[in-house]
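One chain, subunit A, links the two complexes that follow: it is found with subunit B in the first and with subunit C in the second.
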Partner chain A sequence: MDQALQHLVNGTVLGGTYALLGIGLTLIFGVMRVVNFTHGELYAFGAYMTYAFVSLLGVNFFAALALATLCGVGLGALIELVLLRSMRKADIDSVMLVMIGASLVLQNGEMWAWGGVAKLVPNPFNGSPLVLGPVSVLPLRLFVLAVSAALLLGFWLMLDRTRAGVAMRATFQDPETAALMGVRIGWVNTATFAIGSGLAAAAGALLGPVFMVSPTMGDLVGLKAFAIVILGGLGSLPGATIGGFALGFVEEYAGGYLSTEYRDAFGFLLIILVLALKPQGLVPAKERIG
Partner chain B sequence: MINRRSLLLASLATPALATRGFAADPIKIGMTQPLTGAVAASGNYVANGAKIATEVLNRAGGVLGRPLELILEDNKSNPREAVASVEKLVLRDRVPVLIGAWSSTFTLAIMPKLIEYKVPMIVETSSAARITTSGNPWIFRIAPTSEMEAIAFSGLLSKFTPAMKKVDFLSVNNDFGRGAAEKFTAALAARGIAIGKTETMTPEATDLAAQLTALKQSDSDTVFVTTGVEQMTLALRQAVEQRLGKRIVTTGGSFPDQLLANPLPPGNDSFHILFYAPWFPERAPHPAIARTYTEEWNKKGWEFAGLTEGFRGYDAMLTVVEAIKIAGKPDAEAIRAALWQVKIPGVNGDISFAKEGPAGQESGQNRPNVSILKLSEGKTSLL
Partner chain C sequence: MKHYAPWVFVLVLALLPLAFPDPYMLAVLTSAGIFIIGAISLNLLLGYTGQLSLGHVAFFGLGAYTSALVSLGFDIGIGFGLRITLQPQPVWLGFIAAIVVAGAFGWLLGRLAFRVRGAYFVIITICFAQVLRMVALNWIELTQGPMALISIPPFSLWLPGQGVVPLYSKAQNYWLVLGVAVLAFIVVRQLVESRIGRALVALRANESLARSVGIRVTHYLVIAAVVSAGIAGAAGSLFAHYIRIIDPDVFLFIYTVTMVIMVITGGKGTLWGPVVGGLIFGLVPDLLRGHARPEAQWVLYGVAMILFVMFLPRGIVPALASLKRRA
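Moving on to the complex of A and B:
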């Protein structure tokens, strides 16, 4: 029972992490129909920016997280303006190829700038775990979970309650009609890509101090993010959240009770099962926000 | 006992020798290491060790009157890339001898190419037994096998208080990790220690909570962790979070150096099987060589704890150069034959090769030294 409770806590923390990874990716696909292969690299970029601000420039840890996220927003806007804006009428395959190329450039740029050796980001939290009965968790992980939840809620409110959110949803439903209604499609796309990129950078900024920062850290994360989005339903914000937690719990319990050797395989087995039974993902299109 | 020891000690312990002018073309030495990817930290340390050995040796006159040129290729922590890197080194750069490839998985992937191209390779890190028992006569390993490490470690069990009674394993799921778990199981069981669970992790895994929670349920007193530096650091940090409550011993010679500047909370000491402890060069078998290596490394301003792995590249270069000297020419077959005659002092200890594997196809295996380092709140001490 003690072990099950600890797995529940671990799965919740891991699921929150996965949900945060998934929402930025699904937001961009939902609004722009762009498969963002740079998502994992924007995650790594956020982590490196945090490292640079904290370890090299001596910036306060919490300020560094915000600055790293803003850098991610800026880089995302730049990618949209330079690479994607001129390709708005291009087919999805061409856009995917450009994004794969951009991902390779970003990863190699990180290797060139930082070297291949992983970095540890110092943080102000106590290194000893908080203990509640049979379960334990690091304060840093709880902070990451709380910020992830706040970001999820904040972006849901932004999409649901603000004019910018209405513009994004209108663009998703029918770009031509939205444009006729006065929505500036170009700026909606730039804002969407920038926000999605900022979320990826925020995930990297938050998780860099939990794990370690390396140029290839985005590879596995990119793969998981795609798995989460496919599991939840492409373009669905609640789907990405549910998919993130579902994947986190399956990996944690299967790893803990069945086999750590095939831990990742159980996650992908879940995706195969969901897609076989519900090809649109866990949250069908009509329920989607983005 | 060791031929040429005095001469080599004199040259290697004197880094201030004036750089000689070379008229001849350099002798190329190829090296493949994981400079990026999951085990990049270790690969860069080993590559740095080889670089400073090249500088020290060139200052001492090179070999056969020619300078040495180290040609480094990144195998990207990937066996396919490891094979590609060797093809580049052999076919494009025409190197007569190789050093590589850190992980057993990468080395095993490369081995058929050594037979195909007839080029010898010094294996500086990989520990899987079958590297030297599978009948590849182009392999010469200066690193210990997991079995050697386990047997040497079992001779030091009395240094642990309280005594080990039951152990578990947390191993990276590749040849290195599984091989270490198997050999340590055999060596410790032979000493009457009970064996519990073995949990594995993929090389890229960053969240090890499921594995550590499962290990926490075991009634063992010690967990042996086998993986690269990055994952080792994560395992130690996450063991604190999961309140593992067991002694942790890491194998394979890697050291989680980032825990020096970012120490674990008090009461979370760890033990590390090392082949060179740079904090204590005077305790090395050849202190003068160890000091030269350590001083040259520090002059570069590199991460101090990288010395724990960098010595592999340093010793590998010393071995290669001695073999070229004996061979009298930078020719692959001549170097292979000469490697059997190498007897030199290195940072880890004396280097020479004994035959292993099927008759007529033997590989060379050195017998290195092992020490145990304790890490407590960012401070190190030798057991």
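Moving on to the complex of A and C:
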């Protein structure tokens, strides 16, 4: 029982960052119909930027997290403007191929710039865990969970309350009608891709100090982001949030009780099963966004 | 292209080791050839059925592991105190087993994945390869995991007058790969020019229309997947016995991407596309070697993929063909 509680806490911490990743990816798919293969690389980019700001430039840890997220937003906007804008009419497979090309460039660019050795990001939290009854958790992880939750909430408020959010939701439902109503689809797309990338970079910035920062860290995470999004139904935002936590719990419990070695494989098996048995995902995107 | 031109091309390639017995060049061409076989098989799915299958390396890796394990033999427990033991078998048996096992998984994946299309299909295929990589990493009793399968015997063939001989030399392996590549090319050509091929092209052009005139879409897609997987398995087997060491990295996504780039740049849905693209991207890494860091190669591949899809989406072979028609 105690162990189950511990897994619940670990799963929640992991699930929060997974939800951030999933929401970014599903937002981009929902609004732009783009399967974003660069998502994992943006995650790695966020982690590297945090490392660069903290270790090389000596910026305060919390400021570095914010700056790294902003860098992710900027890189996302750049990718949208340079690659995706001219491909808005192209078929989904061509766009996928271009995004795979872009992810190759980003990943190996990172390898080139930083070398293959994993980096450690120093953080101001002390290493001794907080013990609450049967459960112990590192302060850094609690901080990660709190920031993920705050970002998720902020994102929902942005989508629900702001004009930009309304424009995104309108584009999500029907780009042509939205364009007729005066929504500037081009800028909605840029903003969407930038925000989605920013969320991925934020997840990387948050998890970078928890784990290590290496050029291939985006590989598995990019695929996991797909798993999350598929679990929840491609293009469903509540689904991505639930999917994120679901994957966190599945990995944590299956890793804890069944097999540690296959921990990462459970997510992929889950996707294959979900797609084979229930292709619309666990939460079909009927009510769409918001 | 005149009808004898392809055979002249094959003859020139076959005579190459006699004219220039440079082992380095032959090694480069042999590994390029193995990937060209992979690209030819991928083209069947990517080009002729129009399904963006991004888990192709799964079949390549399955073929490599199957062939290596059959030729090395294995002894594993399967629970309940039962064990499966296989004594080392001749390599040609491993080669056939590789084709059969990869083909069987092609059938399985086809049955599962062709229920969905587009992004969902792509993601299933990627996940499939990832799961296999995890299995290869963790089923240490069978695969040795990250310690890799080592001392895999070289391919052996029955040669007239010499009996069964292992192929140690570069030139022999080169001819073997060339032979299998020609066979793979012919199999794919026969298939796409048959009734099945016409059905595939019809459903690529308009799936619902094809369905409405009575083409059993899933049935034909699964046939294409099985043949494609079998050929990829053969390429994997050649790879295993040529490199003679196999680790779970053989399932890396980057190898699928390499094959995809070969098919896209050469021209998907054309018989010669994967050959042309494969020759280019099989030889580029060795031209770069010594001039640039290994990351540069992948950055270049990524840039090439972006530029081709954006500016020459049909690939080199169709572009050359239309140039020739205009001239």
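Quick note on the criterion: the second predicted complex is superposed on the first by the 277 of 290 C-alpha atoms of A that agree within 3 Å, B and C clash if a C-alpha of one lies under 4 Å from a C-alpha of the other, contacts with A are read in each partner's own complex, and residues count from 1 in each chain.
In this section, a contact is a pair of C-beta atoms (placed from the backbone, for glycine too) under 8 Å apart; a residue touches a chain by one contact, two chains touch by 3 or more.
Remember, it's a predicted structure, so these values are computed and weren't measured experimentally.
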Using the touch definition from the top, say if A:Leu269 reaches subunit B (first), subunit C (second), both or neither. second
Give one of first, second, both or neither to describe whether A:Asn10 is in contact with subunit B, with subunit C, with both, or with none. first
Check whether A:Met111 is in contact with subunit B, with subunit C, with both or with neither, and answer first, second, both or neither. both
Mind working out whether A:Asp219 is in touch with subunit B, subunit C, both or neither, as first, second, both or neither? both
Based on the superposed arrangement, let me know which partner A:Ser136 touches: subunit B (first), subunit C (second), both, or neither? first
Contacts for A:Gly101 in the overlay, against subunit B (first) and subunit C (second): which applies, first, second, both or neither? second
Once chain A of both complexes is superposed, is A:Glu261 in touch with subunit B (first), subunit C (second), both, or neither? both
If we overlay the two complexes on their shared chain A, which of subunit B and subunit C does A:Phe29 touch? Say first, second, both or neither. second
Indicate the residue numbers of subunit A shared between its subunit B interface and its subunit C interface, in ascending order. 111, 219, 261, 264
Please name which positions on subunit B make contact with subunit A in the complex. 34-38, 40-41, 43-44, 74, 77, 173, 199-202, 204-207, 209-211, 213-214, 216-217, 229-230, 233-234, 237, 240-243, 258, 261-262, 264-265, 303
With touch defined as at the start, can you tell me which subunit A residues reach subunit B in the complex? 3, 6-7, 10, 13-14, 17, 111, 115-120, 122, 126-129, 131, 136-138, 141, 211-212, 214-217, 219-220, 251-253, 255-256, 260-261, 263-264
Subunit C residues within the subunit A interface of the complex: 50, 52, 54, 112-113, 115-116, 118-120, 122-124, 126-128, 130-131, 134-135, 137-138, 253-254, 257, 260, 264, 293, 295-296, 298-299, 301-306, 309-310, 313
Considering only the defined contacts, which subunit A positions touch subunit C in the complex? 29, 35, 83, 86-87, 92-94, 96-98, 100-105, 107-109, 111-112, 219, 223, 226-227, 230, 234, 259, 261-262, 264-265, 268-269, 271-272, 275-276, 279
